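What follows are several structures.
Same chain, two partners: chain A is paired with chain B first, then with chain C.
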Partner chain A sequence: MINGTVVDLSRIQFAATALYHFLFVPLTLGLSFLLAAMETVYVTTGKPIYRQMAQFWGKLFMINFALGVATGLTMEFQFGTNWSFYSSFVGDIFGAPLAIEGLMAFFMESTFVGLMVFGWERLSRGQHLAVTWLVALGSNLSALWILVANGFMQDPVGAAFNPVTMRMQLTSFQKLIFSPDVQSKFVHTSIAGYVTAAMFVAGVSAYYMLRNRHLDLAKRSFRMAALYGVLATIGVITLGDALGFVAARVQPTKLAAMEGLWRKEVAPMPFNVIAFPEQAEQRNIGKVQVPAVLSLLVTHSLTGTVPGIAALERQAVGRIQNGIPAVQALEALAKNPNDAAALAQFNAHKADLGYGFLVQRFAPDLNNVTPAEVQEAARDTIPPVAAVFWSFRLMVGLGLAMLAYFVLAALYTLRNRIQKKTWILKVAVWMIPVPFLANEMGWLVAELGRQPWTVFGVLPTWMSASTHSVGYMAFSLIGFVTLYSIFIAVEMYLMVRAIRLGPEEHGGSGDAPPQTRPTLAGRTVPAAAYGNKLEG
Partner chain B sequence: MRSVLYFLLFLVIAVIVTLLAAILGDEGSWYFAWLIGTTMLVLISAAGAALLDAQEEHAAAQAAAAERKPL
Partner chain C sequence: MQVYADAQVIWWLLLGVLLMGLAVMVGMDMGVGAILRSVGRTDEERRVALNIIGPHWDGNQVWFILGGGAIFAAFPLIYATAFSGFYVVMLLLLWTMIMRPLGFEYRSRIANPDWRGVWDWVLFVSGAVPMIVFGAAFGNLFHGVPFHFEWNMTSYYTGSFLGLLNPFAILTGVLSLALAAMMGALTVMNGAEGPMFERARGIAQGGAAAAIALFAIGGFWVRALGGYRLTGGPGPGVPQTPLEQSVTVLPGAWLANFGAHPILWIVPLAGFGGMIGALLAARAGRSHLGWWLGAAAWIGVIGTAGAALFPFMLPSSSNPSMSLTIWNSSSSRLTLLWMIGFAAVFVPLILWYTSWAFWVMRGKVSAETIARDDHAY
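Let's look at the complex of A and B:
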């Protein structure tokens, strides 16, 4: 059995690297489409200010993109290094989307990012606009494939366990990519990126307006960000609701933890706005409830109910008892793959194979499992309720705060009175970190809520990790945290520096296209020498 | 000839988009919503910028007219 400390350290390492990486990704997803919007206005109106905007925000996009790629690279390798049993068990399904993601990110996206940055003087307006749109599409499609992989971990459809090869195999690629969980998760995550970019652009533009700098750029950027933000926030809330609706069906334990729902309530179920879940006692200490809202949210009806944690634990007891013969049959098939009786036993119990694996953590010898061990394993099927409950509430609260802000900002910017409302501008600057925090909370809800599984209901976390030593895991964890903290510091430094310098330093005055172009040797050459295609 | 080629290109794009919409409408309604929604988001924020230009030009024209008005 794998050392529990190694499993915990592997989880902490993956969580740390993913949380760091997820600070960069949403901004890339959202800013790419905002850049496309700015450049679309430039191409359609021909006004140089929009070119300046696209170049300035493009510079900030590049800083973020480069560090996002740097932090993302290691994560893909971690599946092999720290989660080798997981990789072996579901590699046939997980590998394909991960490979496509790599192709999207490192071939399509990176190629077009290069053209976007260095192509201003080399491509016609139309060509450059097409490139910018392809960057946006590439970055979001690369996110799609990683979320297809993650969606499989949440709701493993389109695959089946093969008792001969002893691993999961893909049965339907269509089911995998069109799974309701994958679809709603992708759109929710992508649009959360739009909200992040909108708040970032609005905040930086507000900073300029408060200091009376770069007003033409700041006013237009703020207007575009506010409209982009208000619509995106509505979208992200809608998709959050869709994800909750899906979770009620495919991950009831996660939903029960998100809602702090210990026992089944009578329809229409109340929603716990505030509660302090006490997992050991299976109750909430103090709560503020809104009547009927939970039924509406998770079943979209006033008569719908979802099971509480106590009922889910009772269900788990039955599934564990049914899963034990499946694992015993696997052990027999491992010794003799032609054992027909073992194969028949496996097929009769395979639906609960994962639950059979789960109990092995508490009862390594499946021939002598006690009721207490089954009960302990059943209790283990419930994720950490307080962490999931509060991460969810924080994410929702921050989302609603951003919606309120964007509605106000859109209202005043559409009336062209935003510069007079300095308090709205000041709030925008302070709100820049808010979507980043909301994104991290969303990730925690998704991943902590899936515990104790790496693949929900199929493969427990405790048996997914590699058999490293504690020292190795501790050393590499410290290394990653140190390295990634440096990355964050570098990103912050470069971003703040670029923002302080302002757009003049990046793309001319904004009144006309730059008349010179940089070369790799650091010299400048008149654009005319290359045949300026900018106005083409 | 160029117009014919453009016509054919846009016709092919229209057929692909229609097929995509038909497939996604059945199999992946949220993907379809994402495609439409993202396009709308970009276009509405772009329209907002164009509206700001129009508002500023209108304000500048009004200010110029007020300056020309004899006291």
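Let's look at the complex of A and C:
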């Protein structure tokens, strides 16, 4: 049996590296489209300012992109290094979208990003524009396939356990990719990236306007960002609502935790705006409620209800009791693959196989499971309520704040009065971290709310980890934290420095000012690229 | 059953292609990193070297990521067992590899020589270490690694980190580094002129000569190693777990495939031919030809390993019968078939646009133009 400390350390390492990776990815997703939009305006209108914009924001894009790529390497391999059982158990299904991501999306994004940066002088305007769009398309397709993989962990459709191979196998590729969770989560997550980029561009542009620098670039960028931000926040909230609706059906425990719903409420259910969930006592201490809103949100009707945690625990008891014979049958089949009785027993109970695995954490010997152990496992099916509840509220609160901000900003920028409203500009600078925080909270709601499972209802987290020693895990965790801390310090330093320097003379070899246009034969690294002392 | 067996073999071949792509494309960039400090003496020269691969390293690196994803999708048991078993080595690989994008992107953004000096070392380490690890991993496949499975397929690795640093693995690790240095040097020759071209020419010849010697020594050495032979089990195209087969270990068995099918000797010969050709081409200053011959050398070397190991993918030294083979570690028929479909569409597409990107950025890089450009690495 796997050491519990190893599982905890593996979880901490995965969460830390994933949350860290997810600081960079959303900005890449959103900024790539903004770059493509700016360049499209440049190509269609011929105004050099838009080329300057695409190149300046492109420079910041690359500082961010480097760390996104670097930390993505960790994610690609961490399932194997630290979640070995998980990887062999569901690799048949989960590995496919990851490989397709590489084939279809990441290859395209990474190949064309090189041309996007180095190709300004070598490609025609139309070709370069196409390259930039392909980068944006690649990064967003990449998100699609990653979320197909993640969607399987949330709602494992299109797969079945095969007792012959002792692992899960794909039964329908179509079901896997068209799972409702995948569809809404992809759109929700990628649009969250657009919100992030909008806020980033708005904040940096506001910083310039407040200092009277690069006004033309800043005003145009701010306006694009504000409009993009309004549309994106509306989109992210709409799709977030769709996700909640899906969760009500496929992950009732997550939904109950998100809402702090301990006991059944009569329709129309009230919404807990504020509450302090107390997991041990299964109740909320102090709460502020709005009537009827929860029914509307999660069932899209006034008469709908969803089960509370107490009822979900009772359901889990039944599923655990049904799952135990499934695991026992598997053990028999492992000894004798031709045991027909065991196979029949397995088939009769296989729907709850995961629950049989779950109880093994508390009762390693399934032949002697006490009711107390079943109860304990049933309690374990509920994710950490307070953490999920508050992550969710923080995410939603920040999302609504951003919507309000973008609407205001868009109104003033469209009326050309944004520069007079210095308070809006000042707020924009302070709002830059907000979408990043909201993204992290979204990850926590999705993945903490999925606990105690790695694959919901199918594979418990406690079984999924690799059989490492505590020493190995401490070593790797310390290594990741040290390296990643250095990286973020370097990245922030370079990003802030590039922003301070601004579009005129940031980055690169500041010691080498331009003299003449390059006329050498052969490959000249584009003098025009990024910095731009040129037409702009 | 036959379709499944064919799909398994096709995926084994595809994985070979991806590993060759990884070795050639990532190996060339890592080779440039590994020789950066010797091929470029001044900051300007080092920037020339970095800008030769500047537009391509990002795309090239995806061969590595795709390799990982493909093993996961097509051979999940290999992905799960090897990567967790090789934990410390994988960390070494990851920690050095994740520094590399930063080395490229961040090095030249600040003109301070200390800053750039640190990143030059980062590029050296993140070029040399992963290539050694990549080669050493292949060496360890010949040795076998100590792991076993519980009834429910929980895998346990019972070896140590130091056990992976055995002499044969060190030899294959250095072979891999030598080939990477050779390819890196040929790439620098393709894009640079003057003293850098000459220095790179020397390094390319040195790398090729070392690789020829190491590959030959490895060939003789492998005769003395214990090889694995599948003696029973469900066989190809049959869904199974790794607990159902029997395997024996006998000296020289890794050459059995060559004995049974002498035509396979073409593969190591191609490796030697590529290396010797690359050496001669480098000496003649014909670096583009040398690069292609170097790619052929990689294909020959990796092909040789594959031909020797077939059908083994990850032999277990502690429980040989639990060794992972193509037949017991692959994904299901449905997954393999879907993935063949995706690969058939996208691998040619990838080769096409990668070639286009190289064609767009063709030609020499010079120090003057980099110095004038605000964006270059």
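As a convention for this text, the second predicted complex is superposed on the first by the 501 of 536 C-alpha atoms of A that agree within 3 Å, B and C clash if a C-alpha of one lies under 4 Å from a C-alpha of the other, contacts with A are read in each partner's own complex, and residues count from 1 in each chain.
In this section, contacts are C-beta pairs under 8 Å (C-beta built on N, C-alpha and C of every residue); 3 or more make two chains touch, one makes a residue touch a chain.
A quick note: this is a predicted structure, and the numbers were derived from the prediction, not measured.
K.L.:
In the superposed arrangement, which partner chain does A:L227 touch: chain B (first), chain C (second), both, or neither?
P.N.:
Only chain B; A:L227 stays clear of chain C.
K.L.:
Which partner does A:A334 reach: the first (chain B), the second (chain C), both, or neither?
P.N.:
In the superposed model, A:A334 contacts chain C only, not chain B.
K.L.:
So, does A:A247 touch the first partner chain B, the second partner chain C, both, or neither?
P.N.:
Neither: A:A247 stays clear of chain B and chain C.
K.L.:
First (chain B), second (chain C), both or neither: which does A:I93 touch?
P.N.:
The answer is second: A:I93 touches chain C but not chain B.
K.L.:
Does chain B (first) or chain C (second) touch A:M104, or do both, or does neither?
P.N.:
second
K.L.:
In this superposition, which partner touches a larger number of chain A residues, chain B or chain C?
P.N.:
Counting contacted residues of chain A, the larger count belongs to C.
K.L.:
Have a look at where A:V113 lands relative to chain B and chain C in the superposition and call it first, second, both or neither.
P.N.:
second
K.L.:
Once the shared chain is lined up, is A:A66 touching chain B (first), chain C (second), both, or neither of them?
P.N.:
second
K.L.:
Do any residues of chain A touch both chain B and chain C, and if so, which are they?
P.N.:
Chain A residues touching both partners: none found.
K.L.:
Give the list of chain C residues in touch with chain A in this complex.
P.N.:
The touching residues are 51, 54-59, 61-62, 64-66, 68-74, 76-77, 79-84, 87-88, 90-91, 94-95, 97-102, 104-106, 108-111, 151-157, 191, 239-241, 243-244, 331-332, 334-335, 338-339, 342-343, 346-347, 350, 353-354, 357, 360-366, 368-376.
K.L.:
Once bound in the complex, which stretches of chain A touch chain B?
P.N.:
33-34, 36-38, 40-41, 44-45, 47, 50, 140, 174, 177-178, 180, 183-184, 186-187, 190-191, 194, 219-220, 223-228, 231-232, 235, 239, 242, 413-414, 416
K.L.:
In the complex formed with chain C, which residues of chain A make contact?
P.N.:
Within the complex, chain A contacts chain C at residues 2, 59, 62-63, 65-67, 69-74, 76-77, 79-82, 84-96, 98-104, 106-108, 110-115, 117-119, 122-123, 162, 164-167, 169-171, 173, 330-331, 334-335, 337, 463, 466-468, 472, 475-476, 479, 483, 487, 490-491, 494, 497-498, 505, 507-512, 514-516, 518, 520-527, 529-533.
K.L.:
Flag every residue of chain B that touches chain A in the complex, lowest number first.
P.N.:
Where chain B meets chain A, its residues are 27-31, 33-34, 37-38, 40-46, 48-53, 55-56, 59.
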